[in-house]
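In the two complexes that follow, subunit A is the common piece, with subunit B as its partner first and subunit C second.
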Partner chain A sequence: MAKLIAVVCGAGINTSTIAEDQIREKVEREGLRDVEVKRILYPDIERFIGMMTVVVSMTKIFRTDLGAPTVQGMPFLIGTKEEKEALLDKIIQMVKAA
Partner chain B sequence: MQFNESLVALDIEAVEAKAVIDLLAERLHAQGLVSADYGAQTWARELQHPTGLPTKPFCIAFPHADAQGVNQSALAVASLKHAVRFKNMGDPDEDLDVLLVFMLANRDPEEQIATLRNLALLFGQPEKLIALQSRSTSREALTWLRRELRLGEDGKGAAELRKGGSLGA
Partner chain C sequence: MQIIQSAIGWFLGLGSSLIVMFVLLILGLGFRVGFAKALRGGVTTAVGLAGLFLVVNVIISALQPAVQAIADRMGIAKAIVDVNWADAGIAWGWPGTAAVILSIIVVNILMVVLKLTKTIWTDVWSYWHGSALAGIIWALTGSVAWGVVGGVIYLAVGSLMSDMTAKKYQEFNDMPGIGVPCGTTVQASLFAMPVVWLLDRIPGVKDWDASPEGIKKRFGLVGEPMILGLILGMIIGIFAYGGTGTDFGVAKILTLGMNVAVMMLLLPRMVGIIAEGLVPITMSVVQFMKERFKNREIFVAVDCAVLLGHPAVMASSVILFPLCVLLAAILPGVQMLPIASLAVIPFWAGAVVPYTKGNVIKTVIVLLLYSIPFMYFGTLTVDQHTLAFQNMGQYAEQIGQGLKLASWDVGGDILGFIIQSLFKLFGLAAM
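On to the complex of A and B.
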């Protein structure tokens, strides 16, 4: 089954697009196949439970039953280049390990 | 992406976030870029989904509304004389003292992805935020930002881009 990196944000336009773009580029650079990067609105997250490999959260997530490890995606917006790259590496590792 | 001198407001005095959003929305509306209620829409969204960001050395915000009220994608920027409070996007319970506001009017984020990416690069570099804040005229701030965000249509060469890119670095 394809792996899914879910970029979750509150209202889902600009913020999640910024994160999605960086993750997708990294996935391509790493040559990973069968990995989907998708923006998901927090209110819609219910129907993706069980399908997500990693959750990248651009907003505060209050629930712990997502069935996938969650990382804070804020560095994609305000992190230094190094912080952005470190977070990308971490996400890729999590996807490979899953 | 529309971005011009009238869409840069430096050293404005505002007591609250809503006033900054209204001011920038009015400027966007004056050029026909957004609907008359874009400010109200943006404020309503801000209350639900705050856009304050804990950048360094001072916080920023990038308020925006949904695409309905947007006639043409645009950016409007304000620097504030005194900080105003926005809620933190990553933690809505936290107040942030914001000194720079980047208001986006976006018809389609995927179409503007290059600009969004360049904005995120800027947000991650304290020296760039300081450099922007220290521009003394709207025109200077505009020229500087256009270069940083690669919004050139002005035929500036790569050497100029590099010069701008190394400011304060």
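On to the complex of A and C.
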């Protein structure tokens, strides 16, 4: 089954798009196959529980029942290049480990 | 001179999609994002804009006859069609878009250098609130320049509001360094401060709360915009068509429900495509601004969507959806039933829960009060709002036949209304 990196935000309009862009580029650079990067709305997340490999959340993570390891994606919006790269590496490692 | 004028006229005649494509291509090159990214960004936003207008067209053709039928049958005047985020089409498609973007960056840098604000306005997407207001002021005054001035004042005040709220947002959401200068969201926080203070002093109300989990279990489905749209559309359909025709209006009621569901799901998707095209420029603006102010305490502007994580946000929103529609239906003088505009409520809730500490009942009370000025201002500004669409060549035929368009997020915006009123006060309104 393909692995899914879920980029979750409140509206699926702006913040998750910015993160999705950078993660997708990284996934392509790493040459990973079978990894999907997808934007998901917070209100829609129930439908994806069990399908997500890693959750990148653009809001604070108040929930613990998402069934996948979760990282905070704020550096994609306001971080330095180094912070972004470190976070991307971490996400890729989590995907590979899953 | 005449050649220049006719060249400008030809360019503006290309329509908003092509205009925004060229504008973003040029801005992208100016911000050094590279040709491929600049072009892809420009085309993406242009496609999103065209898609947005298509979706709005669907909803106008479905909703206008329905609100008209309600007006005819029940004698209540709620004939303005709610287009909510179609205003993003004004924002990115009106002739002054590029001027708003460049001006607010310059004004913001000046304000930060002079220590008037700590918020660096890096979230290019969220300029749309100012740019849409600018488009409306353009319609109001007949002047692109005044439009730009009004929009930039709005965004500059937004950065001051962000200064006042940033610490609270950061603590509540565990997001050090951010600020949210967005439109009606940050205004909701300012509104919440005194109201929550008051509520906390009323015995009984003080300790009143409801569990977000319980509400979610019972009403969770309604939190999904698509389902909410289906239900709302059918309810409006019942009032408009119930009991008519051979099937008692069932087909029409179902169709309206489906059309509103289409709008609720596709409108934000289209807006998302518009935003996608702005990502390269946003990234470049963030880097540029951060490098300039790295040795000071600054708040980096991010989109209000980051505030939506707390469970109380959706819980209070699903309670507010029907309450707001009811309130708009009974308040005299309010001529627009909120449908598409309900989508803005979760953003408001996100700005209020840090102040109510996640208390659902207090959040609902604050926002029910907060929505009232939006209902009236949306109605009061409807003429210039509709004219802005008309000036851009959108829905010209229907507008000619009397269609009126409004929204909460831009049309009803409190600060936006004040700025529009100032233009009127100084005698600058052409209408």
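The rule is simple: the second predicted complex is superposed on the first by the 98 of 98 C-alpha atoms of A that agree within 3 Å, B and C clash if a C-alpha of one lies under 4 Å from a C-alpha of the other, contacts with A are read in each partner's own complex, and residues count from 1 in each chain.
As a working rule, contacts are C-beta pairs under 8 Å (C-beta built on N, C-alpha and C of every residue); 3 or more make two chains touch, one makes a residue touch a chain.
Since this is a predicted model, take the numbers as computed values, not measurements.
Overlap between subunit B and subunit C is detected when the two structures are superposed via subunit A. After overlaying the two complexes on the shared chain, residue contacts for A:Ile61 are found with subunit C alone; subunit B is out of touch.
In the superposition on chain A, no contact is made by A:Val71 with either subunit B or subunit C. By the touch criterion defined above, A:Asp44 lies against subunit C but remains apart from subunit B after alignment on the C-alpha atoms of chain A.
Looking at the shared chain after the overlay, A:Thr15 reaches both subunit B and subunit C. Look at A:Leu32: by the touch rule set out above, it reaches neither subunit B nor subunit C.
In the superposed pair of complexes, A:Glu83 makes contact with subunit B only, with no contact to subunit C. Only one segment of subunit C in 7-15, 223-231, 331-339 or 403-411 runs into subunit B in the superposed model, and that segment is 403-411. Residues 9-11, 13-15, 17-18, 21, 58-60, 72, 74, 77-78, 80-81 of subunit A lie in contact with subunit B in one complex and with subunit C in the other. In the complex of the two chains, the subunit A residues touching subunit C come out as 9-18, 21, 39, 42-44, 46, 57-63, 72, 74, 77-78, 80-81. Every residue of subunit B that touches subunit A in the complex is listed here, in rising order: 45, 48-49, 51, 53-55, 62, 64, 66-67, 89-92, 104, 106, 109-110, 113, 116-117, 119-121, 123-125. Those residues of subunit C lying in contact with subunit A across their complex are 122-123, 125-126, 172-175, 177-178, 220, 223-225, 268-269, 271-272, 275-276, 279, 282-283, 286-287, 290, 300, 302-311, 313-314, 346-347, 350. Those residues of subunit A that touch subunit B in the shared complex are 9-11, 13-15, 17-18, 21-22, 58-60, 72, 74-81, 83-84.
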